[in-house]
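One chain, chain A, appears in both complexes that follow, with chain B as partner in the first and chain C in the second.
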Partner chain A sequence: MRVFTIAWREFRQYFTGVGGYIFVLLYMVILGLIFISSVQPGQPLQTGVINSAFLTLALFTAPFMTMRTFAGERQRGTLELLQLTPVTHWQLVIGKWLGVFGLALVIVLTALWLPISALLFANLDLGSIYAVFFGALCVFAATLAIGIFSSVVAKTVLASVAISSVITLTLWVIGLAAATLELGLIGLPESVTTVIRYSDLSSHFRDSFAQGVIDSSDLIYFASLTIGFLSIATASLQRQR
Partner chain B sequence: MITANNLLKTFGSRNAVNGVSFALNKGEVVGLLGPNGAGKTTIMRLLTGYLQPDGGSITIDGAQIEPQSHAFKQRIGYLPETVPLYEDLSVNQYLVYFAKLYALENRNTKITQALHVVDLLDRQESLVGNLSKGMRQRLGLARAILHDPDILLLDEPTIGLDPAQVVDIRALIQKLGQTKTVLFSTHILAEAQETCDRLIILREGAVVAEGDVATLAAKLVPQTAVDVQVQDSTGFETFVTSRAWCQSVSQTAAARFVLYLEPAVSKSDILAEIVGQGFAVDAFTALENNLEDIYLDLLTQSS
Partner chain C sequence: MFRSALRTTLILILLISINIIGFHPRYRIRLDVSANGSNTLAPESLAVVQDLPPNVSAIGFYTNASGGRRQRAEELLNQYRLASNGAFDYQLVDPDVNPTLAREYAVVEDATLLILNGDTRVRVRLLTEGELTNAMFNALNPRTRQLYFVTGHGENNIADGTEIGLSTLNARLNQRGIQTADLNLLTGGVPADANLVVIAGAVSEFSAAEIAAVDTYLAQGGKLLLLSDSPETADPQRLETYISEAWGLTLQPDLVSDFSYSVLGSPVNPLIWNYAPHPISEGLLDLSIFLRTARSIQLADSADVTTSSLAETSNAASAIAVDGLIAEKEALTGLTIVGVAENIASDGVVLAIGDVDFVSNAVLQQFPNNALLFENSANWLIGDLNAIQLTPRAAVDNSHQIITLTDQVRFIAIVWVLPMLLVIGVGLSVRVSRRARK
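Our next item is the complex of A and B:
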């Protein structure tokens, strides 16, 4: 119950100010423009650009969506009060994450009008579309967990954005390293290359969800990132005492 | 009620709290007094469980309770020095949020009771961001007592308030002290003297004295002094300094002097001697040690 109280407060906060509306509008405008430009009459819908846009936007906006969750509360002094209530650190972290994930859900659901409107003049594989949107939620789940962790360890909201951006961009850029390894340009032990390839966040979205496939190994990847970062966020909060 | 046993807290290489022990009894208002950096806020945060002590323990009713436990948190109410608020919420929404986090039953009744105590019932729908400093302090107090804790920890609750608001908050603390154990920190001596049953004086993270004002005064070397106002001060200072009973003299106004006397001299004899010398005396008042003397003396002794 306390988890949902915190989550609801966090979620509502985005829409009592303009923050939540800006995020939703940003997604709608960018995805809308890309979607319109990729629709060619009589041609199959080119979803590749949309998928990339979704992934890129999620990676770049998650640090801003989560920056206030803990760092903002700390700067305002309210984090101390929250920790004096019978709410556990784990409930606090999960509640905050759920609240901000609620915003991500609104963004993704709002973006659904794009393929739905396309149905009026094109035949679409709805299964693939749903896979993309489900994949986007998985990306959000993980990147928001990274953002929550960053907000816990940062003293200010700007530091939170910086830490979160570095981690998410590293997971994104590691894809380039993975591609280099594919070409065999760097001689590394097989175990290391396997770990690097598996760590690449974009490939877990691009090679499965974006292709209309939901693969359990990708689900495990995103679930591990999410649970892992939420766990270390909780541990960090506990250690700050 | 609540006992701190040899509490220790260090930040880096600095000992913020260094072996502090004291007990707060049920239904008393205790002042935590000390200069800035004496460790008042750190002690408060240790007592709330927000900070974990590096040594020592905290017991409530003789039992050591894990500060992160539900039972501990239900018994402690805390008002930080700067009242943290959510400015986007109304007064009522702010309290509802915390009532839910405390999982209070009869939420509305408890919110109404808390607002009644702090006299904010008519501002329930006001946006927190629009409240005055005094009202914010009251709202902070309402939140601190919302779950009906029996121990209230108030960190400099009157800081930054105007004189009328200070009087209101002090009266409120005394009212709360009738039913709860209150520990409040301050560096305003008059406030501590007026509001507290007992004082704990801190210096550099350690307790240097503890007791009521009378007990603390007894620890001082008695100071014998009189405040004398004469009609014509010509020759007065020369006269008193020539007397054996006068240690020193200090002129505080045109015809007003404080005479510091040798111990055990009779003040009535001195008055008779002054009058006998032909000085017309308008006022003659014996001075006692006040809290400021006690405080400064204790800090000086401890250093």
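Our next item is the complex of A and C:
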């Protein structure tokens, strides 16, 4: 119950100020612009054009969405007060993550309006659309967990953004490194390149959700990243006390 | 503190273990939610892949320059691996890094994919599901592919290494596991093991007995690939009359001339790139085939025989008769260069190409892709491309009615502007109500 109280408090903060609206509008402006500019008379309507933009935006905005959760509280001096309450560390971490995930849910549901309202004008493959938006939620779950961890270990919000960005961007570009390695430029053993390729966050979205496929191994990957980083965040918070 | 670190470590170990198990094809579950199941293998492919013995695998050779073909191969092969519950596996190798392995598999071209079943190696021509499934089927059911090249009428010869010879083509066919041999029709007709008979550029007359041997072979479901030489030199009247009357493919006594799409500075060296949808043309779609002194073909259906044009010249091409007159075309259309006739009753097929020089040694040296037209035609006639026909997928209809400016404005307003105004409106009302409460 305490988890949800913390989550609700966190979620409300985004929408009582302007922060939450700015995030939602940012997604609508960029994704909407890409979507409507892809419409050509006589050509089929392609909802897939927003897939890679969605992924890129999620990776770049997650650090900003989570920066205040712990690092902001620390800067304001309210984190110590929070830790004096009977709330356990894991309740605090999960509650904060749920709150910011709520913001992500609002972003995804608002962005879903783009293809759903386009049904008034065209026939669309709804299954593939739902898969993309479900995939976006999975990406958010993992990147926000990384952001929460960064916010726990960083002393300032800027440091939180920096740490979180480095981790997410590493997971984003690791696929390129894998492609280079596997094509034999360095010639590492196949098992090593397989591990590197598996770590590539973008491929878990691009090769399945964005193609209209929900693959159990991708769900496991995103769930593991989420649980893993939230666990490390909890342990780090305990160590700080 | 120690307990907390231990707990986190155990959680991480557990997560890594779950990922290792979850990554294994045997335990992976894929749910294809696309409207036409475009990410799911066709039932025919599933039937093949789920019955694969454990020693069937694939090896692909892709250099850095192979671009997106490597990724496409990987995506497709991965679907087969998942569907096989781990029975089928594949390996992708860079031949620049591992030239020994490339030599071991006699790989000479980039982006070569082979299906392996023991000593049997089947080359995958195109990265499509149909091709891969048929290649697997052929690897599981190895058979001798025997091509006979008819001799005795001045045909271009498979052993001839001169400019007009077909030795380069012959080497390519042998490399792909197709056996070739000369055939004299007067010594016992067409052998029983013939998968395909090729007449490559006959210039002199066929005897009635030879025509009868060809007719008997085709009546028993045989396949004939006829490559014609220029009408200035070729005169196998009896053969051409037979093909025209019995199979509806009339090789015209003309020379195709195209000032718009030709090479080597001569209009009688036309390029063809207009292909009809067909398994033969699938691998040619982005390629032009160079012809040298080609003839056009006229098609005529009959009660039992269905004809179709597979490749045409550009609309600007014209047919020059042997006497130098330019034949008038009824409409601005291309001239048929590749025509096929199929007999529904006997299952016999004749495929005629209005040129033979396009696969001569001299031309293949400059235009190696020309061999693909011959190889695809031969593979299709042999039955390698269509042993398994996949159930066609329903097309996804994404068409829209956003045509006029009014439609566009309505679309932008409803899809884009309206939700943003709603978000701004909600934000402002929350702000106003909070101020009012203060």
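Basically, the second predicted complex is superposed on the first by the 236 of 241 C-alpha atoms of A that agree within 3 Å, B and C clash if a C-alpha of one lies under 4 Å from a C-alpha of the other, contacts with A are read in each partner's own complex, and residues count from 1 in each chain.
To be clear about the criterion, a residue touches a chain if its C-beta (ideal position, glycine included) is under 8 Å from a C-beta of that chain, and two chains touch if they have at least 3 such contacts.
Just so we're clear, the structure is a prediction, and the values are computed from it rather than from any experiment.
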Chain A as common anchor, with chain B and chain C clashing or fitting: fit
Which of chain B and chain C A:S217 touches, first, second, both or neither: second
Which superposed partner A:R2 touches (first chain B, second chain C, both, neither): first
First, second, both or neither for A:S191, with chain B first and chain C second: neither
Which of chain B and chain C A:I227 touches, first, second, both or neither: second
Which of chain B and chain C A:T16 touches, first, second, both or neither: both
Chain B versus chain C, judged by how many residues of chain A each one touches: C
Superposition-derived minimum Cα distance between chain C and chain B (Å): 7
Residues of chain A contacting chain B in one complex and chain C in the other: 16
Chain A-facing residues of chain B, complex: 45, 48-52, 68, 70, 73-74, 76, 78, 80, 82-86, 88, 97-98, 100-103, 143
Of all residues in chain A, those that touch chain C in their complex: 15-16, 18, 21, 24-25, 28-29, 32-33, 35-36, 39, 41-42, 44-46, 110, 113-114, 117-118, 120-128, 130-131, 182-185, 187, 190, 198, 207-208, 211-217, 220-221, 224, 227-228, 231-232, 234-235, 238-239
Chain A residues within the chain B interface of the complex: 1-2, 5-6, 9, 13, 16-17, 76-78, 80-88, 241
Contacting residues of chain C [partner chain A, same complex]: 1, 4-5, 7-8, 11-12, 15-16, 18-19, 22-23, 27-36, 38-39, 62-64, 70, 75, 91-94, 96-98, 396-403, 407-408, 411-412, 414-416, 418-420, 423-424, 426-427, 430, 434
